[in-house]
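One chain, subunit A, appears in both complexes that follow, with subunit B as partner in the first and subunit C in the second.
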Partner chain A sequence: MKFSWKPFILTLLVVLIVFPFAYMVLLSMASEWRFPDVLPNYFGLRNWTQIFSSETGLISSFVLSIVISLSVAFTSTLSGFLISRSVSYHPRKRLFTLLTYFPYILAPVVFAACLSYFFLMTGLFGSATGVIVAQFMIAFPYALIFFSSFWNERIRQYEELTATLGGNRRQTFLKVLLPLAKGMLLICFFQTFLISWFEYGLTSIIGVGKVQTLTIKVFLFIKEANFYYGALSCCLLIFPPVLLLYINKRYVFNKLI
Partner chain B sequence: MFLEVKNIVKSFHNEAVVRDLNFSLDAHKTLSILGKSGCGKTTMLKIVAGLENADAGTISLGGKNIDNVKPGKRNVVYLYQEDLLFPHLNIFENIAFGLRIKKFPEKEIVEKVNAMVESLELNGQETKMPHQLSGGQRQRVSFGRAIITSPSLLLLDEPFGSLDAGTRQRMQEFFKSLTAKYQITSLFVTHDLKEAILMGDEIAFMQSGRLKVYKDKTDFINDPVTGVQNEIGFWENLIPGKVERETLRK
Partner chain C sequence: MLFFVLIGVVPFCAAFIYALLYSFGMVGVLNTGFTLAFWKSVFASGEVLGSFGYSAVVAAISVLLSVSIAMWVALKFTRELNKRFLSFIIYLPLAIPGIVAAFFTFQLFSKAGFFSRIAYSFGWITKVRFFPDLVNDQLSIGIMLTFITVVMPFFVLLFLNVYKNERVEELSKLAFSLGANSSQVTWKVTIPIILRKTWTLIALYFIFLLGAYEVPLILGQESPQMLSVLIIRELNQYDLSKISEGYVVAVIYTIVVSLAAIALFSRKKMTLNEI
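This part shows the complex of A and B:
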């Protein structure tokens, strides 16, 4: 039988991909692990039970991150869907589409620094609302670009057909456009949630340390050289996207393919 | 006259697309309109449907001026070349769509849809999704969805353009029987010469935004601009003497 390296290479690749995540989970359950010890002095769920203590602030950061990301994902997906229609059907579509790329010309940190004066003047500096607004300014253009492919000639024909069948704009939106765009809406919601969830630069500048999302918390723990809590907060950071990825795969991607 | 279109003019970016459009149509009749791509047929239909605004002119339907009536209130249904069935609704719900948005009682919807399914010869297909039907069946559902709302006027923009020759012929016959049964008034736009002659009670030819309505089919056939004479000439060259007699007989 011919010897094949393929299974070994595949196994190696899987191990390389899975190892950092598995190691992170192990690290989140360890403490007092010092060189040259092969195993940690403590291995158990103590760190995880600490999540609920107010001292670490992890649970409050987790809830705050969820609230911020859901708000950003919901508002940017919905407004992106509605406004992309106007942009796509506008005679100056190309100009408006070009403008939507503007926030991505600058790095988020530079973009936030440029806008910080306006946030200060409007009293949004250092507040969760300010962070939501700042992250929206990044997620919204993404949603606009994402939905621009949806508004094509066929969708316009669906709209016109519904109008001649007696439908008003609200009925067209609720009974035709939303069901037709369901898959894209869910994917966009997922993507904008991720943009917000992992956002660091904008959040750290506009939040000025007062708005401690989970991503900010991870960096704080790492700066403090607290690897165990850093690994723990990374696990928490990964959990919602994994859940959303599962929902998307189970209910959206499979139906789209 | 049931439908009266007077002096309609439409331009896009200073380019005249529809020029001085005038025609009228009796109730329960079909006017077939022949024209090449880009001659202004679709724009004309969209103006009648209220989906485009005319630069000048008036349209009256059933004796009422509908110039300022919104598309949803005109009771004029526009059908495209594509069947445009809603992919998220099954066949029953696709046909019921117009009745649901007009908020008909549920009992009446069920009765009307079942009767329409019968007329469309689609019994047993009600729970299927659009992608499970053939092209001809989908087009029938599309007609049913429009006709069930009892439109005053049906506008058909090359409805059989995407079908193969055999299905197209069956659909032409089916459409004729359906319009007779439900007493539909319609404008039937096509670029197929034979289809234009077959489908219309009256016939018109559109070229460069101008519409010419013929007194009868013989008048249409004898006009060299319609291309019928070229067609007869082509076939006569193949089978001398036979074609002209048969075409005129039809």
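This part shows the complex of A and C:
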């Protein structure tokens, strides 16, 4: 029988993928783990119970991150969907699409640093609203580019058919376009949520340390060399997207195909 | 269209114009009027060019290795990765942001990290300092390793998708039936088709890594620094007279990236799959 090395490589691949998640959970439940110990002296739920009682602020950071990410995802998906229609049907579509790429391709932290003066002038500097607005500015181009492929000739024909049959613009939007775009809207919402959820550089510049999202917390704990709380923040940061990925894969992608 | 211009175009233009004016000394604290002094100073120091070169090399090596490994994994395990369990598992790395990946690399590869402890327990090293520098190191191994672990899974998914959508399997069978051997099918059919469909996105990832911030901030060294880290360091200096030089670097970076965007997207229409 011919020897196959594929199962070994695949097992290694699965271990490599799962290892970061397992290690973060292990580190978040560890304490007194000093060099050269390979395993921690304490392993339990002490760190996890402390986040509810102590002043680490992790729960408030978690809630704040969810509020900011949901706001950014909702506004950018909706506005991206609506505005991409005008851009896609415009005679100068290619120029406008090209313009959309500039903020999308630029490093968010540099974009934020150059925009910080305007946030300072408008009183949005160091506030959650400011962070939402700034993150919206990088999530919106993504949504716009994402939906540009939706507005094709087939969709246009559907719109014309609805108008011919007596439907007004509101009915066309609610009863034809929205149902057709449901899957894409969900994927875009998920992606823009992640753009906001993972954002660090831009949030640190516009939030100036006052808006402490989970990514900011992770960095603060790393700077303090508090690796156990750092890992705990990492767990809070990575497990909601895992859940979203599962939902997306199970209920959205499969239904789209 | 007004909303598009207000949300999509105005912020970028405002940011660029402000940075440009600041770099020429026309706005900003302590600046008195138009001057080329900051631009001359930046080019005279050579740090920007060094940072550009360093960032480009790190980004290029990371993208090259990520694409190569991802291509190998996607082509060798096409069938296995489409099975139920693995098809979900391969999506998991997408849930790890750069800052967590950097923290994880630091925890594993630092002097007192997990691998150092294992090396100590096996007797391979007798003191912490004997463990090789793998984070905050001169060769940027930690940064590249993190970039690869973040970017490579995405490319695996992308290549699998293109493999299916472009019907590469059918084309490979056709090539085999016409007399091509396995190596010819891989190098002259499969890989060219996948790369032709994805090169825009590969270039886009190179640009993203060029401007990466969190990973080099945690795992990088003092000098040379990657572009975004250098720009933010210059802009956050206590010496206010140096801020303009930070904006010079920001303007140069913005121009380079914008030209890259024009080169990549002015002629070709991006497809949904590529995004």
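Note that the second predicted complex is superposed on the first by the 254 of 257 C-alpha atoms of A that agree within 3 Å, B and C clash if a C-alpha of one lies under 4 Å from a C-alpha of the other, contacts with A are read in each partner's own complex, and residues count from 1 in each chain.
The rule we apply is simple: contacts are C-beta pairs under 8 Å (C-beta built on N, C-alpha and C of every residue); 3 or more make two chains touch, one makes a residue touch a chain.
Source: prediction; values computed, not measured.
Visitor: Please name the chain, subunit B or subunit C, that touches the greater number of residues in subunit A.
Guide: C
Visitor: With both complexes overlaid on chain A, does A:E160 touch subunit B (first), subunit C (second), both or neither?
Guide: A:E160 contacts subunit B only, not subunit C.
Visitor: Under the stated touch criterion, which partner chain does A:F43 make contact with: subunit B (first), subunit C (second), both, or neither?
Guide: Neither partner.
Visitor: Could you say whether A:Q171 touches subunit B, subunit C, both of them, or neither, answering first, second, both or neither?
Guide: In the superposition, A:Q171 contacts subunit B only.
Visitor: Once the structures are superposed on A, label A:F198 by its partner contacts, choosing first (subunit B), second (subunit C), both or neither.
Guide: Touch status of A:F198: second partner only.
Visitor: Answer with first, second, both or neither: which of subunit B and subunit C does A:P179 touch in the superposed model?
Guide: first
Visitor: Identify the residues of subunit A that lie in both the subunit B contact region and the subunit C contact region.
Guide: No residue of subunit A touches both subunit B and subunit C.
Visitor: Please name which positions on subunit A make contact with subunit C in the complex.
Guide: Within the complex, subunit A contacts subunit C at residues 6, 9-10, 13-14, 17-18, 20-21, 23-24, 27, 35-38, 79, 83, 86-87, 90, 94, 96-103, 105-111, 113-115, 117-118, 136-137, 140-141, 144-146, 148-149, 194, 197-198, 200-201, 205, 215, 218-219, 222, 227, 230-231, 234, 237-239, 241-242, 244-246, 249.
Visitor: Show which residues of subunit B lie in contact with subunit A when the two form their complex.
Guide: 46, 49-51, 70-80, 82, 84, 86-88, 97-98, 100-102, 145-146, 149, 155
Visitor: Once bound in the complex, which stretches of subunit C touch subunit A?
Guide: Within the complex, subunit C touches subunit A at residues 1, 3-4, 7-9, 11-12, 14-16, 18-19, 73, 76-77, 80, 86-101, 103-104, 106-108, 112, 114, 116-118, 120-121, 128, 153, 204, 207-208, 210-214, 218, 227-228, 231-232, 235, 246-247, 250, 253-254, 257-258, 260-262, 264-266, 269-272, 275.
Visitor: Can you check the complex and tell me which residues of subunit A touch subunit B?
Guide: Residues in contact with subunit B: 154, 157-158, 160-168, 171, 175-176, 179-180, 182.
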